[in-house]
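See the structures that follow.
Presented sequentially are two complexes of chain A, the first with chain B as partner and the second with chain C.
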Partner chain A sequence: MTDKIRAKARELLESGQVSCFIGYEEGTRGRVRPAFVYDPQDADRLIWDERCTHNLAVYLHQFQRPPRRGEEPPRVGILLKPCDSRSLNVLFQEEQIERERVYVVGLTCQGVKVNGQPEERCLRCSERVPLVYDLVLGSVPKVVGREDYADVVRLEGLPPGERLAFWMKEFDRCIRCYACRQACPACYCFECVAEQLDPQWMGIAIDVPQKQFFHVMRAYHLAGRCSGCNACEDACPMGIPLSLLNRKIAREVETMFGYKAGQDAVTVPPLATFKKEEALPL
Partner chain B sequence: MTTDFEPQIIGFLCRWCSYPGADLAGTSRITYPPFMRVIRVPCSGRVDPLFVLKAFQDGADGVMVLGCHPGDCHYLEGNYHARRRYALMHRLLEYVGVDKDRLLVDWVSAAEGRHFAEVTTEFTAQVRELGPWGGKRIDG
Partner chain C sequence: MKVTTRDDVTAWLDGLSERFTLIAPRAVEEQVLYRPVAGSSEIAFDFSRTDLPVKEYFLPATHVLLSIERGEEGVSVEEPSLDGEQVVFGLRPCDARALRVLDALFLEEEPVDPYYAERRERTALIGLACREMGEECFCTSLGLAPDDASDVDLMLTELADGYAVQVVTEKGERILGDLTLEEVEGTPPKPAVREKTPILEPEAWPQHFEHVYWVRVADRCLSCRLCTYVCPTCRCFDVRDYETPNGDIERLRAWDSCMAEGYRRIAGGHNPRPTKAQRLRNRFYCKFCYYPRDFGPVACVGCGRCISQCPVNVDVVEVLEGVAAL
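On to the complex of A and B.
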């Protein structure tokens, strides 16, 4: 796989089809980090294995604008796992980047691992082939998981007071580093509500109400847009279970509107449209 | 629960239906609990769910969002959008531990002064029952 990726990246860069190829490279302390390859000779830095957890779609925002005024915006090649391809669909849907400007090298995926342990989301994942790609590498794995929202349901079953206590404890750990937001491909606002000063939505204190506001706000902003790549939770230095929040909303959106984020690039997202006759629990 | 607890309620009232509805309740001399602070908004679709979050963060005990009946929106579709947003918001707030009875989304037309008073009375009683929500008081 790695050889094929290197060869393809080299070919794309040499032919000038893309000016940058985004992939993974060997990092420090046995970890993998995102790599930005501009020179065909550097294509040999690229690797692919089960440690490649990052969602590279987040870096596409950096290629939205041309390097100099009046020039064409750059074309990029990118390596995407099935979960990351859903994020890319969301970006297409929201017109953040044009399809022609991205060359997607899709990868079939058996699931990725953090510290040698398979990620929970991968055990639940039923998509092993990217939804959008120009070229797909690898064979299709047979094993697929099933999403059952068991942990969300368990939390829903708790009495309200206990649930509040649970979330307060989790949110209390937040250090407001915003790593979750930075890692999220769907969080691309130039000015985030969390940092806006006029109006100041969120106080600057590092206190539970502010943290709670931030996380609920972020979860809500991702309603119908979060495709479950779990980059936020992976990025969180404090281990806050953000997926519990995001998957809850994803589940509600699915039951209420029959919509799953990132499945295609053309469906109008549920909160951007409405039906005149619909029974919604208010 | 202390008996002298008076809930602080923020009401986002749509300029075309619910605000005149509240007005009608007043001019008709219908009494309703005085604990609601009214914020007039152009449309229930204008009420960003962040307003509700912000209200709770700043110590409101309950939040009401009142708009025109579906189909009667002055801007044709504002309340349809609000309906979808708040259906989700309700579930999310409930999930993070805010009792869902603290947020009310309802439709009150300009002719429904009595309905406005009923909704407000009922909601105030409901929030009083739940007791104070944590956070600082708005008027200190």
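On to the complex of A and C.
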């Protein structure tokens, strides 16, 4: 697979179809990290294995602007897993990225691992083939997970007081570093509510009320938009189980609107539109 | 060397926790963090390095500098001060050195930061030497050692059946109190150290300022604040006034981060550091060029927290080697 990725990246760069290819490379201390290849000769830096957890779609935002005024924004090639491809669909739906500016090398996926352990999201994942791609590599894997929201249901079963206590304890550890937001492809506001100065909704304090407000606000802003890539939880230095919050909302959206985020590039997401039959009686 | 038993140390710590706010490594979910503890039973003795540094007890993440209350008698201003005295137990040499680094700015430069000074003055530091250098540690490259006792008041080194105790300052002598020490032959075990990373002198940094290297390293940077908030020497803050729900005014100081896009934005909306490459470069220049030039010490102690926590593997050791090779 690695050889095929390198060959394709080299071809795309050599032919000038893309000016950068975003993939994975070997990092330091046995880690894998996002790689940006500009020169076809560097394509051999690229790798693919089960440590490739990052959702690279987040990096497409930084290629939106032209290098110089008056020029076209660059075209980029990108390696996407099935979960990451849903993020890209969300960005297409929201008209953040033009389809023709991205060459997607999609990968079928057996699931990825952190420290040798399968990621929880992979055990729940039933989509093993990317939903959007120009080229797909790999065969269709047999392993298929199932999302039963068991942990969400367990938490929902607790009395409200205990649920609140659970989340307050988790949010208490937050340091407001925004790694979750920065790692999220769907969090691309020029100015986040959490940092807006006029009006200042949250203030600068790094205290439990601000942390609670931030995480709840972020979860709501991702309603119907979070595709479950779990980049936020992977990035969190404090081990806050953000997937619980995001999947709770995803489940509500699924129940209320029969909608799952990022399944295609054209559907208008439920929270971006309004249907007459959804009107509440006055 | 002077030694004592494990039981004596735990009893001594229990005593300290009654007289002072005892801050020590404590297991919190999957992590180990410096937290106030009620006694020795809450202390995690078996740790390599805490997940967050101790700086929040000297430069709190959020700190009410003053509050203005409107009463019947008019307006009153209050500056909350620290309650009693603090003792930090289990400080690793790198974290202790980090406080010395902060001292260079907050205490040794005018104006002295009174809030930091108060906390520093009223806190005793009990060091605990590292058994070995952790996977991401590079303290030796910064002139430290995993058993360096120069920045604490009292230094403990784990032995097979107790601790070696080294009194470093007068404050340490006072904290020691009636802990029974026995004089025995020998010296505490020396932890193994590994090869040093060469670090450029501050004067050598400016020539690499415009190098495309910084843009390439920053490609993958997420521009979050993680590295600055887990860093024991990052010390930027913001100050703002807020009205509380009951109509009083509070002046808050809270951590800020040069990695945040809005950090350098000025009135009128101009941002002198608009790209993440400029921000990432600034963080490295601050640590290894500006801070030593302006205040003396290098603003890095080699604790390796940013290395272990960065979600996209921006590795300070790799960057230091990279810059040296430019």
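Side notes on the structure shown:
In the analysis below, the second predicted complex is superposed on the first by the 277 of 282 C-alpha atoms of A that agree within 3 Å, B and C clash if a C-alpha of one lies under 4 Å from a C-alpha of the other, contacts with A are read in each partner's own complex, and residues count from 1 in each chain.
FYI, a contact is a pair of C-beta atoms (placed from the backbone, for glycine too) under 8 Å apart; a residue touches a chain by one contact, two chains touch by 3 or more.
Only a predicted model underlies this, so the values are computations on that prediction, with no experimental measurement involved.
In the superposition on chain A, contact of A:Y220 is made with chain B only, not with chain C. In the superposed model, A:A7 makes contact with neither chain B nor chain C. In the superposition on chain A, A:C189 makes contact with neither chain B nor chain C. By the touch criterion defined above, A:M168 reaches chain B but does not reach chain C. In the superposed model, A:V144 makes contact with neither chain B nor chain C. Once the two complexes are laid over each other on the shared chain, residue contacts for A:L280 go to chain B alone; chain C is not touched.
Once both structures are placed on chain A, chain A residues 203 are touched by chain B and, in the other complex, by chain C.
The part of chain A that touches chain C in the complex is made up of residues 27-29, 31-36, 54, 58-59, 62, 173, 175-179, 181-183, 191, 195, 197, 203-207, 234-235, 237-239. Within the complex, the chain A residues that touch chain B are 155-156, 160-161, 163-168, 193, 201-203, 209-210, 212-213, 216-217, 219-220, 223, 245, 248-249, 252-253, 256-257, 270-271, 274-276, 278, 280-282. Taken in their complex, chain C has these residues touching chain A: 28-31, 51-52, 61-62, 135-136, 216, 219-220, 222-226, 228-230, 238, 240, 242, 252, 254-257, 260, 262, 276, 307, 309, 311-313, 315, 317-318. By the touch rule above, chain B contacts chain A in their complex via residues 49-50, 53-54, 57, 70-71, 77, 80-81, 83-99, 105-106, 134-135.
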